[in-house]
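After this come two complexes, each holding chain A, first together with chain B and then together with chain C.
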Partner chain A sequence: MSFVVARDLSRTFNLSDPWIVRKLTMRPKRLLKAVDAVNFEIERGTTYALVGESGSGKSTIANMVVGLLAPSAGSITIDGQNLGDASMSRQEQQRLRRRIQMVFQSPYASLNPRWRVGDILSEPMRAFKLIDGATAQRKRVAQLLEQVGLSDSDASKFPHEFSGGQRQRISIARALASQPEVIICDEPTSALDVSVQAQVLNLLKSLQKEFGLTYLFITHDLAVVSTMANKIGVLNQGVLVEEQDTEDLFTTPREDYTKMLLSSAPKIDFDS
Partner chain B sequence: MRRFLNSDFFYAFTRSPLAIVSLLVVVLMVLSAILANFIAPTNPFDAASLNLMNGFTAPMEPNMFTGETFLLGTDDQGRDLFSAILFGLRVSLFVGVMAVGLAMVLGVLLGLIAGYLGGWLDTLIMRLADIQMTFPSILIAMLIFGVARGLLPAELREEMAITVLILSIGLSEWVTFARTVRGSTMVEKEKEYVSAARLIGLNPWQIMLRHILPNVLGPVLVIATITLALAIIAEATLSFLGVGAPRTEPSLGTLIRVGQDFLFSGEWWILLFPALTLLALALSVNLFGDWLRDTLNPRLR
Partner chain C sequence: MTDTLLELKGLEVTFTTRRGTLKAVDDLSLTVKRGEILGIVGESGAGKSMTGAAIIGLIDPPGRVSNGEIWFEQQRVDKNPESMRGRQVSMVFQDPLTSLNPLRTVGDQLVETILAHMDVTKAEALQRARDGLTEVGIDPDRINAYPHAFSGGMRQRVVIALALATEPQLVIADEPTTALDVSVQAQVLDLLKKLCRERGTSVILITHDMGVIAQTSDRIAVMYAGRLAEIGETREVLTNPQHPYTQGLMASTPSVDAKSFGQELFQIPGAMPKLDALPSGCAFNPRCSQAHARCQADRPPILADRAACWLMENAS
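Let's look at the complex of A and B:
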């Protein structure tokens, strides 16, 4: 069985008015199906990308995979274990949580502005009881900062002292701090400018090689996908319309929607 | 410290005569309240040291029987008003600060819970706040004060009066804190650093206190300053109405109430000086609070 498996994953949001208003106006409930019976599998050590326009349900899927949002139906299993399993003890839950981490979209909102970088990075170590003792934690923080291309003196700074790209590196270091096996990247580069995007993507790639990480990449940017992903799933209005290996998708897209996405991506043509 | 001296905040402070003067007045009053034992020429509530012959001495005039002079005059029992004001200031400030502290802790906690957990708890807390907002807070304070007095045994009433006063003012002022904190909590909880904290399995309390609380405290300090002025005035009002500080431990409000009895018989100083002190204190705390608000967070206006 694959490492990450989504089975008939669905999520419905309830957008109805409060009960009393509904009864008075006699309007029915309003439900929004953000994700509708999505199936995909990710092999260990590979990168799977979900692409789609905004509102296609990409981020909803990301939130369900990491357990921030409960699926309305269907399931997500990671290495055969299900985060929504109510029979799991708190310890087992923590053990599974440690293996799944996330890198967020906004480099500004994803780091607590009142915390020093060192505290941000050592928090997962304390929460998962990975490393005991202040000195050992400080050492590990320095190591993490080096791994993402920052210096160990940055640990005593606050997030606002860094640029967007550097913050995203801190975000990646925080995800690495719990020694995860899967990292969900929710548009990790969409808030960065192009030159910095490439640096962050290269960092993610080299970390994948070094630690054998499995990535689920959420993005709307096909250029990002083409360099990162092994396999691509195309989402349209909560439905997975097409799934292919990266090269095949770019050369022989099957669905009209995918063709439209590919043709609408901006290209730089140097010959003309 | 150097970072503070170089900050925009400190620069704005040195540029505002209003802020400097009001802070100076507040600091002066706080100091003289704390050091009342040493500054006051007499202990106004040691009955043995009072001389009834000194009663109704006008300010800076020698008493016609004993020949003693008093800076601000004396009251009907020959008590030195200057000393009484210093000790009254101490009671007023103590009650005000403690009441604001209580209101702040209560309001911030309830606001965090309402904003972060949401659901029926949010509805319950905020509707309670709405109901309380429809009454003037002085009325709430009087209600709480009356209920507490009714519950307490008679012999404890005098002793517990100050505690009950703090409780009643504190409970009547928590709403502003709760509303502000709830609002900022609802903004903060949507940010991704909170998601990151949830991902590593922190429980809601850890997230609220460690992550969200430091990010919502800014406006709270401003509200606390402004509420302090309100609390001091509320205390004085309650004491003036005779439901606050007892005569054995008078606050500025009690002194004003006592002085009011003699206003129309010509002894104007017994009322005037405590009233002026209260005015100066409330006004400068208020002005400083307004300045803080405008400087730290112009959006709060």
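Let's look at the complex of A and C:
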């Protein structure tokens, strides 16, 4: 069985007016189906990319997998354990949550500007009670910073002292702090320059090799995942319209929607 | 009437700070021809947005144009940019969410712009506003809608309509599609290109995305640390980049027709230097794989042939 399994995953948002307004205007409830019966599986140590435009439901799926949103229907299973299992104790749930971490889109908004980098990175260790003692935590923070290509003296700095690319490295280090097995990357490079983007993508790849991480990669840019993903799922309006291995998707896309996405990616190609 | 619409001669933009004077744009010279689309590429901090802001006269203190000249239509305009701002030169900003007033209808904003810059009656201005919306592919009956009623791509279309409403000769588009999806980006770029080609409007397209530049522009200027690194015809620069920085940018751009899936992307080592700690000689030399002694000692001449790089001299 695959490491991460999503079965008939759905999420509906209630956009209705308040009850009293509905009764007075005689209008029915308005529901938005953001994600509609999506199925996918991710093997351990591989990268699965979800690609789609704004509003296709890709971030909703990311939030459900990481546990920020509850699915309306369907289930997510990580290593055989159901994420929404009500019979699990709080402790068991937290233990499962530790294994799933997230890297957010904007490194400017996802780091607390009033915390030093060292505090940001040691918070997961304290929250999950992984490492006790200030000295041991500091040592681990230094190790994490080194792993993402920063230096241990950066621990005493504030986020505003770093560039966008460096901040995204800090976000990645924070995700690594709880020794996760799955990392969900929600558009991790869309706020970055191309040259910095290449650095961050390469970092994610080398970390995957080192720690055997499993990635769920969310993006609207097919070009970004061409080097990252093993398998790609294309989402359109909450429905998974196509799923193929990376190379097959680029060479023989089946759906018109995928072809449209491929053709709209900017190309540096003068032969055609 | 000559072919040249805009000319920058040794443009320098400086910021006076507590840590001394920083040069955001350093000795930049380039020309924009009539009807031409010039792309300016570079990483964050390369000075590309500052160049755009300098041309239209929107640099806020403590920054200022400290040296050099800006010529527009054979007139020197760096002392009085108001003379052409809005009327002859207009701007499309990066984020359509913040460049439109959320409290006023799009029609209101279009009419206001037209009335401020052109000698027309209110009825004519309204007609022009409707025509402008039609041109960018928006139903003119939505003229009384507020910006929040439009999607990101539609809003950027409104901003383009605003920029073109006064029939300018030059449009400066600063990262016009960075906030948009890839599929919407293609539509917006095609629209901008089509409208400007039809009217013979020149465009300065500022972006960090090589793909966007490749699809849209006639010529490319590559900037690094406030200086011009390379300039030339789009096809020439992209198929045969001369400056090591341009080569690095090209190699680090992911592509959908990459022959080698799963391969590592090329990355330029290090990061753009801070303006208060520029290396001596060529600003790119610490990150350059082909740097030699001269690169650390002397600044390369402004454009030897095409790229500002000492390697060019050795080659010839």
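Heads up, the rule we're going with is that the second predicted complex is superposed on the first by the 269 of 272 C-alpha atoms of A that agree within 3 Å, B and C clash if a C-alpha of one lies under 4 Å from a C-alpha of the other, contacts with A are read in each partner's own complex, and residues count from 1 in each chain.
Keep in mind that, in the parts below, a contact is a pair of C-beta atoms (placed from the backbone, for glycine too) under 8 Å apart; a residue touches a chain by one contact, two chains touch by 3 or more.
Predicted model, so just to flag it, every value in this text is computed and none were measured.
A.B. asks: Are chain B and chain C a fit on chain A, or do they clash, once the structures share the same frame?
C.D. replies: fit
A.B. asks: For A:Ser195, decide between first (touching chain B), second (touching chain C), both and neither.
C.D. replies: After superposition on chain A, A:Ser195 lies in contact with chain C alone.
A.B. asks: Quick one: name whichever of chain B and chain C touches more residues of chain A.
C.D. replies: If we count touched residues of chain A for both partners, the winner is C.
A.B. asks: Using the touch definition from the top, say if A:Ala109 reaches chain B (first), chain C (second), both or neither.
C.D. replies: first
A.B. asks: Taking the C-alpha centre of chain A as the vertex, compute the angle to the C-alpha centres of chain B and chain C, in steps of 10 degrees.
C.D. replies: Taking chain A as the apex, chain B and chain C sit 80 degrees apart.
A.B. asks: Considering only the touch criterion stated at the top, classify A:Leu235 as touching first (chain B), second (chain C), both, or neither.
C.D. replies: Neither partner.
A.B. asks: Would you check which partner chain A:Lys205 touches, where first means chain B only, second means chain C only, and both and neither mean what they say?
C.D. replies: In the superposition, A:Lys205 touches chain C alone.
A.B. asks: Kindly classify A:Ala127 by the partners it touches after superposition: chain B alone (first), chain C alone (second), both, or neither?
C.D. replies: first
A.B. asks: Just chain B (first), just chain C (second), both, or neither: which does A:Val38 touch?
C.D. replies: neither
A.B. asks: Examine A:Thr246 and indicate which partner it touches, taking first as chain B and second as chain C; both and neither are also allowed.
C.D. replies: After superposition on chain A, A:Thr246 lies in contact with chain C alone.
A.B. asks: One more residue to check, A:Thr227. First (chain B), second (chain C), both or neither?
C.D. replies: Touch partner of A:Thr227: chain C, not chain B.
A.B. asks: In the overlaid three-chain picture, find the nearest pair of C-alpha atoms across chain B and chain C and give that distance in Å.
C.D. replies: Minimum C-alpha separation, chain B to chain C, in the superposed model is 10 Å.
A.B. asks: Taking the stated contact definition, name every residue in chain A that is touched by chain B in one complex and by chain C in the other, in rising order.
C.D. replies: None.
A.B. asks: Mind listing the chain B positions that touch chain A in their complex?
C.D. replies: Those residues of chain B that touch chain A are 191-193, 195-202, 211, 214-215.
A.B. asks: Give the list of chain C residues in touch with chain A in this complex.
C.D. replies: So the residues of chain C in touch with chain A come to 43-44, 151-152, 181-187, 208-212, 214-215, 235, 238-239, 248-250, 252-258, 261-268, 271.
A.B. asks: Residues of chain A touching chain C in their complex?
C.D. replies: Within the complex, chain A touches chain C at residues 53-54, 163-166, 193-199, 201-202, 205, 220-224, 226-227, 230, 246-247, 250, 260-270.
A.B. asks: Once bound in the complex, which stretches of chain A touch chain B?
C.D. replies: 66-68, 93-94, 97-98, 100-102, 104-106, 109-115, 123-124, 127-128, 174, 178
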